[in-house]
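Think of it as A, B and C in the order they're written, each chain with its own count starting at 1.
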Amino acid sequence: MTDLLLNAVASGILLGGFYAAVTVGIAISFGMLDIGNLAHPAFIILGSFTAYILNSNFGIDPILAGVLVIPGFLLLGWLIYETYYWSFERRGEEGLRGLAFFFGLLFITEVALILIFGVDYRFVEAPYIGPSLHLGEVDLPLRMLVPAAVSVVLVAILQLFLSRTFLGRAILAVPQDSGALRLMSVNPTHIKRIAFSISIATAALAGSCLIIIQPVEPSIGRDYIGRVFAICVLGGMGSFPGMFTAAILIGIAENITATFYGPSWSPAVAFGFLLLTLGFRPTGIMGR
Amino acid sequence: MSETLLKIEGLGKRFGGFVALEGIDVEVRAGERLGLIGPNGSGKSTLVNCICGTLHNEQGSVSFAGTAIDGLPAYQRTRLGLARSFQLPRPFRSMTVKQNLRVPILYTVNARSGTHLGERAIEERSAELLGLVGLEDKADKRPRDLTQIEMRKLELARAMAAEPKLLLADESMAGLSHSEVDDILVVLHRLVEQGLAIVLIEHIMRAVMSFSERLVVLVAGRKIADGEPQEVIRNPEVERAYLGE
Amino acid sequence: MKTGTFWILTAVTVAVVFALSRLVSNDYFFFASYLVLQYIVLSTAWNILGGYTGYLNFGTAAFLAIGAYCSVVLHKLWGPPIPVLILAGGVLAGLLGLGMGYLTLRLRGVFFAISTLALAVVLQTLITNWDYVGGSRGVYIIRPQTAPLIGSYIQYLFLIMLILAGLSIAIARTIEHSTLGYGLATIRDDEMSAEASGVPTLRLKLISTTLSGALMGMAGAPLPYYVTYLDPTSGFNLTFAVNSIAMPLIGGTQYWLGPLIGAIFLGTIQQVATVTISSAVNLLIVGVLMVGFVVIAPNGIIGLFERRGRGRRG
């Protein structure tokens, strides 16, 4: 019983670590830029499929594949932000029509993937998928350990970028004081565009991590909508350390639920967390 | 007319660790013209928001016309007779100017027991209010077709449509030209003639000085002066706050 | 036009449409029309909360499915007639709307939207794990052959949905021209300003969510008899959410006519596309149209006409 629990917690921590990679993009686009990008999970699935193509056709390691497609995803983020800005932010109607826009993108991406790849599960092959690390009673599957490690590195790099570089600090300044930015002759829109592109680029890497952990088919992005927003909100919106903690908490909670009550209950865990948090303790997100 | 209309006692408000307001005591009598001034960031708008119910003050109490209104949602405070205009005008953009005035009438005046205005009465009242602020010929325009000063007049008209006893005019003159400021002052004086108490929150000193019977000064979340305008501005603390060290 | 006149006109239209439909002998017509009518109800209901009040609901499926599964349970328990099922589904979905609204309407619109998605997933998970209604395997409902007076059962279902469509449109229009409608519009335009004008925003929002949810639940109640096999994946299908948002956005969200136009327009396109191309391409078309309209013509088809009529930017 205890080693079942120990293993559930251990892989929950790893799962949570991976969830941080999935959420960091939202922490930037929603937590910092206040853009309700509901389509983020779809881009992660897109990242999974690009990793799948590169892996199954050219034998490229999935993580490497994720890194290779980052420029493409940066461009994608750039284009999406441009459309978003010209259609909504400029007119001051970003709130709800923007949401409908991203929801539409989520849907289009999912359906496009179904049309191209069908509904079958796809998976990648790599030497670390399969073996596990044994630490006493606890088994740490490498296919979860590697993504968790990648996630830590990714978030750490981003954190350094945001706190140490001029560009990064400009991004942090956007929600706080766009006026001051302008005075420093930095265009806030340009900064937001870069930040948003970065957030989409993280999806490339997160996607390759995902397909390492589990086989992927187009519609599983939906399960992640609740997760990423739950983690982002629980983690205090823009804070990376908060987000990481929240991610691990949810990872553990989901895993324990799956282990003791069955995997068919796990989609509800994150969403349930979200509803409870929003309903009873939504610090900092009250009212219009 | 010397009954106390608005009474604020020991009001305090924090945002996380930042103390926005502390120990604020202010009284406003019926029909009074009170000016509220202070440097940027001194907490004027926060105070307005706490009085109106948009923000919740953790400390102190606010009472209006003898009733404690702490915890009451904003719409109920409006119904009690406490109106406000917003610093940046917030009209209802999908409606015409005339329809903008309908809303407070339908939801405030008609919501009070004892008064119910029918269609014709609402029409008349709207026309009256538009005349009061000088927007009669803009009745069927949308807010996006209005100039800055017209929007501010609409703001005031909307606040008046709720038939308040006290109006908090939050920086209604910001960004206006010299003559436009005079324009608004004329409107405000008309409102006072109707028996309204007005709290004028402003940066434009000549407007505040000419309008107010009493002046309250906020600096860094605290009240540092409260009295006759001429005396208050001679107060050394007030001078220091405005002219700097 | 006075409200009373509109209700009469709607009732007459329903009667006329039904009478004309009796001339059609092809069952496919009734099957296809049922779907379009269902979407008229769903998009009109969605628009009460989305277009009038300004709160986007991404969880239409949750309310529809509650109505459908409520019918499943009642059908297994004692099999009441459809009008009773509709009432039950409506009440249950209305309560769901009320409860969810109470939890989340004090938050910003974006959090409300995400909560509605969350709600749909949580509900789907609950139903998937509930064996009485078939769990993940789904449940089979036997559709009766005939209905009293009408004859063919599918025509009966068509009539039911036609009546619901008329009802929802009449309700929407009544709201539009009422004090409630004004209040909802102010919430949509500027909630803080609405409160300052004396509008009890939370109360009105709750009325809006409850009514919207109830109508969606009513639309879902006959669904088990229509599809005869219901499982959580189809009952909670995201397509319901996308369509009920796309149709008002495409038709126009400010007036009752918008969802009607959008539902007929998009619903017909979908029927044609599903039959001639494929159901996946059909979904792609919906998504693209929705994004296209949101970006280019945010006031929908009605907005485009308004613009041309007035000769300046709508």
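Following the convention adopted for this analysis, a contact is a pair of C-beta atoms (placed from the backbone, for glycine too) under 8 Å apart; a residue touches a chain by one contact, two chains touch by 3 or more.
Remember, predicted model here, so these are calculated numbers, not experimental data.
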Problem set entry | Set of chains adjacent to subunit A and to subunit B | C
For this session: Report which interface contains more C-beta contacts, comparing B-C against A-C.
Result: A-C
For this session: Averaging each chain's C-alpha atoms to get its centre, pick out the one most distant from subunit C.
Result: B
Exercise. How big is the gap, in whole Å, between where the Cα atoms of subunit B centre and where those of subunit C centre?
Worked result: 42
Seminar exercise, completed: In whole angstrom, the CA-centroid distance of subunit A from subunit C equals 32
Problem set entry | Junction residues of subunit A - those touching two or more other chains | none
Seminar exercise, completed: Going by residue number, subunit C touches two or more other chains at 192
Problem set entry | Complex interface listing, subunit A residues touching subunit C | 36, 38, 83, 87, 93, 95-97, 99-101, 103-105, 107-108, 111-112, 114-115, 222-223, 225-226, 229-230, 233, 262, 264-265, 267-268, 271-272, 274-275, 278-279, 282, 285-288
Exercise. Quick one: in the complex, what on subunit B touches subunit C?
Worked result: 52-54, 73-76, 78-79, 83-84, 86, 90-95, 99, 102-104, 106-108, 110-111, 158-159, 161-162
Exercise. Which part of subunit C faces subunit B closely enough to touch in the complex?
Worked result: 179, 182-183, 185-186, 188-190, 192-202, 254
Problem set entry | Parts of subunit C lying in touch with subunit A, wherever the complex brings them together | 54-56, 58, 103-104, 106-111, 113-115, 117-119, 121-122, 124-126, 128-129, 136, 191-192, 238, 241-242, 245-246, 249, 280-281, 283-284, 286-288, 290-291, 294-296, 298
